[in-house]
Structure formats: structure tokens, C-alpha cells
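Shared between the two complexes below is subunit A, which pairs with subunit B and subunit C, respectively.
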Partner chain A sequence: MLNLIVCIKQVPIVSELPWDSKTGTLRRELAEGMVNPSCKHALEAAIRLSDQHNGKITVFSMGPPMAEEALYEAMAMGANRGVLLTDKRMAGADTYITSLILARAIKKKCPDFDLVLCGDQTSDSETAQVGPQLAEELGIPGVTNVEKLDLSTHTLCLERQTDDFLEILEMDLPGLVTISPHYYVPRHVSLGGVQQAFDYPNVDILGTDDLELDPGLVALKHSPTKIIRVYSPATEKENIVLKGAVKRIVNELFDRFGDRIGGAMGKDLKTHDHP
Partner chain B sequence: MKTLNRDIWVFGDYRNYFQNRVTLQLLARAGELAPKTGGSICAIVFGHDIGEYVSEYIAHGAEKVYVVDHPQLKQYSIEAYTGLMERLIKAHRPEILLIGATCFGKEYAPKVAKRLKTGLTADCIDLDINKDGLMIQTSPSFGGNLIAEILTPNNRPQIATVRAGTFQEISHNADAKGEVISMPIPDDLPMERVRLIRSERLPKKGRKIEDTSVVICGGRGMGSKQKFKKIFELAHLMDGEVGVTRPVVHAGWSGPNTLVGQAGRQISPKILISFGISGAIQHTAAIDDADFIIAVNKNPNATMMKLADVAVVADANQACLAIIKEIKKKIQL
Partner chain C sequence: MDFNPCMKHKVIRKSVRAFAEAELGPIVSDLDREARFPWEIVEKMRPLNFFGLQVPEKYGGAGLDSISYAITIEELSRVSGAMGLSITVHNSVGAYPIVRFGTEEQQKRFLPSLASGERIGAFCLTEASAGSDASGVETYATIDGDEYIINGTKIFVTNGGVCGLALIFANTDIGPDRKAPSIFIVEKETPGFSVGETEDLCGMRANPVSSLFLEDCRVESMHLLGQAGDGLKIGLESLDVGRLGIAAQALGIAQAAFEVSVRYAKERQQFKKPISRFQTIQNYIADMATEIDAARLLLYRVCAMKDDHMPFTAEASMAKLFCSRVARKVTEKAVQIHGGYGYSKEYDVERYFRDAKVTEIYEGTNEIMQVVISRSVLTRPS
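Our next item is the complex of A and B:
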């Protein structure tokens, strides 16, 4: 039987969230969540593999308690069980610590896996680092930005586009892939379906102590990267403001800056005078 | 890991040398940072028959080049390259490692950082050295209008990825001298668990938005797919290219290859005209190098309007139409 793992992240629906100026981290508790789009594509890929090869799927997510919803949505799509990693001490983890915690949880809850699937990046931070770092932490090969996969016995055949090349690769199992959101369009789940998943609770909830992590581990403190300052960008341009009737503004624009516009186009525009 | 020197290393990512000059751009930035760290500028090159890249890197500022040249490395290979970088860094222990945020670099950097148990910041828009000698890694953050400065205070090397177009390469200097340090391939590199079966270059796209002097950018404020066509018309008329924001891609008004921003293209036109764009940092980080910006927005307080040389307070559609008319008139003369 094929033993599949999918790692998913709950992300805010809105991209602009308030942040905590003391810790410099997002106040995620204020946002309504959804499953990160490319994580859903990874789950869809897993479901199709599982259907072909009689597999089972365990979904892992690290996040605040409300990320449990994401796991139920995943189960409504077709995953078999969920593991939620949640603990105040995990808050503020960078990708180094996130991948460390995910790896520990996988080794504890699902050590005999064949393949881990992750989204290629998240919509809220886009580092694309957790997938490859998780592969390293688990000591398995990993391939990013995979578009299609095909499994035969113990190698996985992968197709991806990378830096203007189309590549066909073969990877030993167990292994890890991150999935690009192109080919595996996620199936739709109805609200009723998610509701039903909630009726058969099948989610383990683990904190740092359950994972036999270093008891002193506090993600914010032990992440190698530290945010030291957050600010909004400023500018020092002359910033001429034109307002009024559109036709007049456009005339003024060309009167004053026709040279520049024409220069960039490689054409002479300014010779014309308005009546 | 403790460092042995204050050197700045740049990974030589030459696979798309003619399309992507990010390695040269990173060498240039390393050259600006090196006096502040007091180390040398080093390039790291793996592959086979790579002498021409080694000379290019020296001509663009590398003082030392570490080279592993072997037929086995002919193709980019993630596992071998990761193992080689890990060993080299453990042996030489530099202060900083910079990697271009190409697809390969984005796959490579996280693995290297993890092996070396150190931090990594993705897609930096600036790099500097603070008074304590640490690298300030500036990166857009929090999904909105904010920029974060990030340090890796305790782990080494400090690693960052940077997208192409963020820094400017220095000009080619054929007389520059650099030390080339060739190393044999270690005989105990683990077996490849990822094998390349086939690779083909994808067909080239036409002229690229990165190279044009006129870019017309349209955002959500254009209102609809139908109305958005005016953006294409104006770009065509001015012999420029179209750039868009993410909501426009999501709405299907234009293709993903026209996205301008952190997740898309970086542009440096002589003139940029921007219609109905709010100016989120993920977009504006990619337009810094535009010489002259005209922004049209009905909201005079939009960030994009503050960034513009000329801020036009108007309806984006009407303004676009009026500019099209005006240019048509002026070209006919």
C-alpha cells in the first residue's frame, strides 16, 4: 500500500494582515483562513496517486488551533487522517524550525511513508523553502515545482519546467515533491462535505512536548533568522500631481512631458500645439 | 559553525547565462559589501568545461573562484551540487553566501542552508552590512505594504537569495585578475537519488518586458477584461510591453508571464505608465529602476501615486483612452 503524506498550510484569505510590532510577526489569529492554493494541488496529486495505487493519505499542518479546519477540508477532499501541530512555542518559526518540527512529527506519526507532497510555495510568504528543507531534514531526495508525476514500483517519474527548461526526472522513494499549481486542479468540496468530515473526527493534535523536541525549544528564539525591523517603503520623488478634467490633464501631461514620453518611444511627439 | 574569514561567496548559476545575469549582479553587490566585511569576493562554479564562466566571473569582480570541473557535473544536479557546497563551506567557512533566485537557486539554497544549520532569507530586495558586521537582508514581508530587515546573528554562513534585476552588474573588465582554485571531485559523493532523464530548452518567448523602454502597467482598477484591452492597445501604440498586477492575472485579464513584481518580472523601462494600481510592495519592488513613472489612480493617496513622478488623479479607463487618442494624433503629424 502506498503511504502518502501531504503537508498543508492555512493562509489568510486577505493578504494585508495586521502585525504585532513587538514580535514582528503576523497576527494570524485575526485572519479568516483558507488552505494555501498550491497545497490543495499537492493534495489533489496525492489523491490521484492514492486512487491508482490503493494508498492512504495523512495530512500534516502546523499552525494555530484554527488550522484544524484546513485538515478537515483536506479530509473532505479525500485524505484519510490529519495531524495538527499546534503550540504557542511553535509561533514565529522560520522555515528552518518549521521543517524541523514537521520532520519530527512525520517520523513520529507516519515513519513508513513513501512520498511527501507539499505545495510549491505559500500565498502569504512565498519563500518556497519549507519543502526542500523538509526533504533535507528527513534525509530523503526532493524535487521542487513538479507539474506531473507518474509512479512505477519504486521510482517516481516527474515532469517540471525550470529556468526555461522542460525536465523529466526520476526520483528514488521515499522522497518529497513540491507541486506547482498547474496540472492537478483540486476537486471541489461542498460545504456539506466539510461538515461531514467534522462528524468523523480523525485529527491528532500534537504540541512540542509530544514531539520530543528539545524541551527548551521556542521557535521564535531558536529560528536562525531574526526580524529586526519592519517599515513601510518611502520615496523621494518630486511627485507632480495633475487633476481635473481628463482631457485637460492629458494635454498638460504631453505639454510638459511629451519629450520624455516620445524619447522613450523613439518618436518626436512634442511639435504639436493645442488650439 | 564559526567562520574562518569574512569572505562573501556567490554561487555561479550559469545555466541560462545569456538570459539571466543574476550571478554577475550578485558579484557586483558583493563587491560593494566586501569592504565593509573586510573579506574577498568569491565565486563558486560547478560543472564541466566551465572555463569561460570562470573568466566571466573574474571580469565581473570575483577575486577568487573555487571550481570543481568534472564530466559527472555536466548537468545541473541538485544532490551533487548540494553535497559539494556543503563540503566547500565546511572547509573554507565564509561569512556570507549569495544565491540567485532562479528556479534552481530557489531549490538549492534551502537545502544548502539546512545542511549547514543556518538561516536563509528569500528574495531579498536589498543587502547591506550593519555596524556589527552582520548582513542586513531586506525582504518584502507580511503579504502587504511592509518591508522587513532580517539578520542571521548566530549561524554561519548568512545566506540569502536575490532575484535577477535587483542589483546592477559592473562592466566587463578583461584585465581583472583573479585566483582560480580548482578542486577535484570528492570520490565519496553519495549516489544521485534524483536523476535527469531528459531536458529540453523551452521555446524562447519574444522580446521581454525586462528589456523594453516603455511599459504600460494595468491593475485591478481598470475594472474589467473588456476595458483592460485598452492597456494592450496603448502598449502596442507606444511599442512597449504590458505589465500587470496579481489580481489581473487571477481575473484572467492577462497571462501570468505579464506579472510584474516579486513573484513576476522585474522591469527597468525609461517610462512606466501605471493605471489603477494601488502600489503594494510586492509590485513596486520590481519597478524601482523605472526612470520616469506616470501613475493614474482615482485615489490620490494610493501608494503608487506617491511613488510616481507624475500622479494623475483620474479614472483609469478614461485617462488611458485619452492618452491613446493624444498619441495617435501626435504620431500622425
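Our next item is the complex of A and C:
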């Protein structure tokens, strides 16, 4: 049986993000949570693999107690069980401490795993670091930004797009992949799936003591990354009015903005001489 | 007393909202304009259990509680009132009567195809001279050996144009010179069963509301739901559930109108400031928010009463009366907040306004709701 792990994160729903205008920070406690979109793609990839190879899926999430909801959402989609890592001492963990805790939890709850799947990045911090760091912590090979997976015996064949190249890689299991959000479009959650997830709850909730982490560990204090400030980037609009005859305007338009127009069109406009 | 939604209800809301926004959102205006029923969306809804919301799992349903049911209809209707209507009518007065009153044989035969959405259900009470007054039904089922022969015409049948199975209200003889309404389960391929033209209605235009004709429709006696003469009892109890669905639908439409109004009031500038800074608009928004909140609490409370097996007939009527009124008032204010744009088909509020009105009319008019409520209040021992 294929033993799959998916790591998911609950992130604030973007449309409901309340910003504190004074401090310039997110007021996360006010936002409704959702499963990070990219994690859903990883879960979809896992469900398809599991369906093909008679697998089982354990979903791990680290976050506040409300993140339990994300695990139920994952089980409604098709995961078999969930593990929530939550503890005040875990709060404020950076990507390094997060991957350290995830690795410890995986070794404890699911040591005989075949493949770990993560989203390629989260919508709230976009570091894309937890996946690769988790592979390091677990001491297994890791491949990022995977578009397609194909499993035969114990070798995983992977496809990923890098710049203008399609890379095809092979990886021995156990291993870790992060899934890019293109091929594996997540399925809609079935209502019967939700009912079943709650009828047969299968979520373990673990804290730092359960994981036998260093009793002195306080994530916020021991995270090497310090966030100085979170803020919306300022953007400025400038209106430019081109005047004169049409031909002159068009020429000037392409002289000044040809690069950007070409970039948007995916063409090099410079190669075509315009009269 | 806990007024916070539980985790399951939050996941249900999120899941239905995600589906409705992704699949129905992009086409909802076109469906309304073209008065088209979206079969392609039905295909996507079928595996997600939208057609078997409260049907037991053993027959392929989701087996949801009633608050989950209300949330599902609310969220569908927040995007498309017409699809919210289709799904609630199918589930509440199409499938529920068979779940509640059907024999095991009837449940085994009819529920799986309803729960999978292979057959869409309809409920047929209204006739040219019967509606609020159910005793005016002229459709007749005469017994002939082990069969019934049904003749009559039903009008304003929600899902009529797309139904695969209809529950037909028809009078039957229950004794010498005594007749009473009974309910028959009739499949669309039954010889003599036919569908009339789709009605050209003000709102809910994506739902094919139509007449149904029954000409010498022969059905085996196992198609009779409950006993002969049980029609009124079964019908009224089913309509109680139907009213919760219509209340949820009205609430969803009101919620949609409220959300776009808040957004618009913050964006629309007049006299060099957003109109949300004017007290008149603030008063409108405050009233809308208050009424929607009250409507939602009332509806969920009645749903909880149903699941606790308490009598809920009068309360279901209260929820339907109140939620539909709120929908009419909120959508009207939404049009007003949008000004001229609110009257334009370019904006969704115009559709919400048209869709909301009928929630005060169908599944029992609000005047009938008042009869049910006042009768319950006035006959209580004081």
C-alpha cells in the first residue's frame, strides 16, 4: 500500500484579509481560514496517486487550533486521516522551525511513508521554503515545482517546467515533492465527503510535548528568521498622453513601451521594424 | 445555547460557496438572459451529492442535517437563485416525501436515481383552480385493478421542464361518495405524461417552470405514496420542509444583494466621497445587515427544531415569511443603493430583485404563512 503524506497550511481568505492600517500588519485572528490553494493541488495529486495505487493519505498541518478545519476539508476531499500540530510554543515559527516540527511529527506518526507532497508555496507568505527544508530534515530527496507524477514500482517519474524547458526526472522513494498549481486541479468537495469526515473523525492533535521536542523550544524565540514588517507594496500610476499624428504616436508607443507590450504578448517586437 | 457555526457547517458553507462561485458564477447572468437550465452544471453537481442532500447514505445521498441543508441552498442561491430553487425543490418536496413516507420498496426503487441526480424531482399541487386551496384539486386517479389511472393538468411546476420524476397530487375515492387527495410517484416516461411550454417568468428564469399533463397515465399501485387519502398530510409536512428551503434560498439572495451593495457603496463616489459616507446609505446598510442576521438565526433555529424531532410547522412558516420578506426588502434597497445601475441588466442586483419577489409567493404564499402561524398562535391554550 502506498503511504502518502500531504502537508497543508491554513491561510487567511484573501478577500477577507483585514489589515491593521496603523501597524501595517495582517490581523489574522479576524480572517476566516482556508486551505492554501497550492496545498489543495498537492492533495489532489495525492488523491489521484492513492486511487491508482491503493494508497492511504495522512494530512499534516501546523497552526492554531482552528486549522483543524483545514484537515476536515482535506478528509472531505479524500484524505484518510489528519494530524494537527498545535501548541502556543509553536506559534511564530519560521520556515526552518516549521519544517523541523513537521519532520519530527512525520517520523513519529507516519515513519513508513513513501512520498510527502507539499504545495509549492503559500498564499500568505510565499517563501516556498518549507517543502525543500522538510526534505532536508527527513533526509530524503526532494524535487520542487512538480507538474506531473507517474509512479511505477518504487520509482517516481516527475515532470516540471523550468523556464523554457520540460524537465523529466526520476526519484527513488521515499521522497518529497512540491506540486505547482497547473496540472492537478483540485476537485470540488462532495457534501457526502464532508458528512463522512465528521461522522468518522480521524484527527490526532499533538503539541510540543507529544513530539518530545526540546522543552526549551519556543518557536518565536528560536526561529532564525525575524520578520521586521509586513506591508502592502506601494504602487503608483502615471498617466502619459502621447500627442501628435497617429503614426508618430504609434512609433513612440513602441519605442517607449515595446519591451513591455512584447513581454505581455510573449513576442520580441524589436525584431520587427516598424516604419 | 451556542450561536457559533460548528466546524462541519463552516466546511459545508466553504465547499458549496467554492463550487457555486467557480461553476455557476461565470454563467449565471447568461442563464438568466437565455432562460436556460444548465445541464452541464447538473453533471458536475451529481457526484457532489447536491441531489441527495438529506437522502440516507445507503441510497446514495449525503445524509446531511437540516442546517447543512439550509446552508447549501443559501450558498447556491447566493450565486444563482434559480439553481438554489431547483436543488431545494428536488430535495425537499421531490425526494423528502419518499424518504419520510415511502415504503422500503419505494425507497429502493426511486431514491437512488433521485439522489444521484439521474432524475430531477418535481412536486405538483397547483392547478388552474387549486393552489393555496388544496381542496380545489381536480386531477383524479381512478383505481383499475392493481393500477391507478391519473388524469389532470398541473401548472407552475418548478423543475417541470426537466423533471424525471414528479409527485402528483390527485383525488382518489376513499369510500362511497368520499374522495380525498393522494400523492402518486410518476416517472416521466409513463405513457400519457407530458410537459407543456416553459413559463415566461419575471425571475428565476433559469428554472424551467412549466405545466404537466397527465392523460390516462397508468401507474401500479406501488406508486401511491402512503395510504389513499394521505395526500394532504404528506403534502403539508413536505411543504414544511420545502419552506425551510425557500427561506434559505431567499436568505442567499438577500446575502448576495447585501454584499454587492456594501462593495458598491464603498466604491461609488458622489460629492467627492464614497456614498457609504452618507448617513442615508449607512441606515440602509444597517437595516439590511440586521434583517439578514435575524433571518439567518430564525431559519437555523427552525432547522435545529426539525432535527430534534420537534413540531416545526408554524416556525417553518415564520422562517419562510420572514426570510422572503427580508429578501424582497434587501434586494429593493440594493437596487436603490446602486441607483440607475441597479436598474440595469449590467449589474446583478436587478436579477436579485426579480428573483427575490417570488419567494413571497411560492411554496405557500406569505398570506398562507400568516394563516398557518396565526392558527398555531390562536389555538394555543392561553
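Basically, the second predicted complex is superposed on the first by the 208 of 275 C-alpha atoms of A that agree within 3 Å, B and C clash if a C-alpha of one lies under 4 Å from a C-alpha of the other, contacts with A are read in each partner's own complex, and residues count from 1 in each chain.
By definition in this document, a residue touches a chain if its C-beta (ideal position, glycine included) is under 8 Å from a C-beta of that chain, and two chains touch if they have at least 3 such contacts.
Remember, it's a predicted structure, so these values are computed and weren't measured experimentally.
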Touched partner set for A:P65, first subunit B, second subunit C, both or neither: neither
Partner chain(s) touched by A:A135 [first = subunit B, second = subunit C, both, neither]: first
Touching partner for A:Y96 - first (subunit B), second (subunit C), both, neither: first
First (subunit B), second (subunit C), both or neither touched by A:E126: first
Partner chain in contact with A:N145 - subunit B first, subunit C second, else both or neither: first
Touched partner set for A:E238, first subunit B, second subunit C, both or neither: first
First (subunit B), second (subunit C), both or neither touched by A:A76: second
Partner chain in contact with A:F165 - subunit B first, subunit C second, else both or neither: first
More subunit A residues in contact - subunit B or subunit C: B
Residues of subunit A touching subunit B in the complex: 12, 15-17, 19, 24, 26, 94-96, 99, 123-133, 135-137, 140-145, 157, 161-172, 175, 223-233, 235, 237-243, 246-247, 249-251, 253-254, 257-258, 260-267, 269, 271-272
Contact footprint of subunit C on subunit A as seen in their complex: 34, 68-69, 72-73, 76, 188-192, 194-195, 197-198
Subunit A-facing residues of subunit C, complex: 7-8, 10-12, 14-16, 18-19, 22-23, 44, 47-50, 52-53, 57, 61-64, 68, 72
Of all residues in subunit B, those that touch subunit A in their complex: 15-16, 19-20, 78-79, 102-104, 106-107, 109-111, 113-115, 117-123, 136-137, 141-155, 193-202, 204, 213-214, 238-240, 262-263, 269-271, 280-281, 284, 291-294, 300, 303, 305-315, 318-319, 322-323, 326-327, 329-331, 333
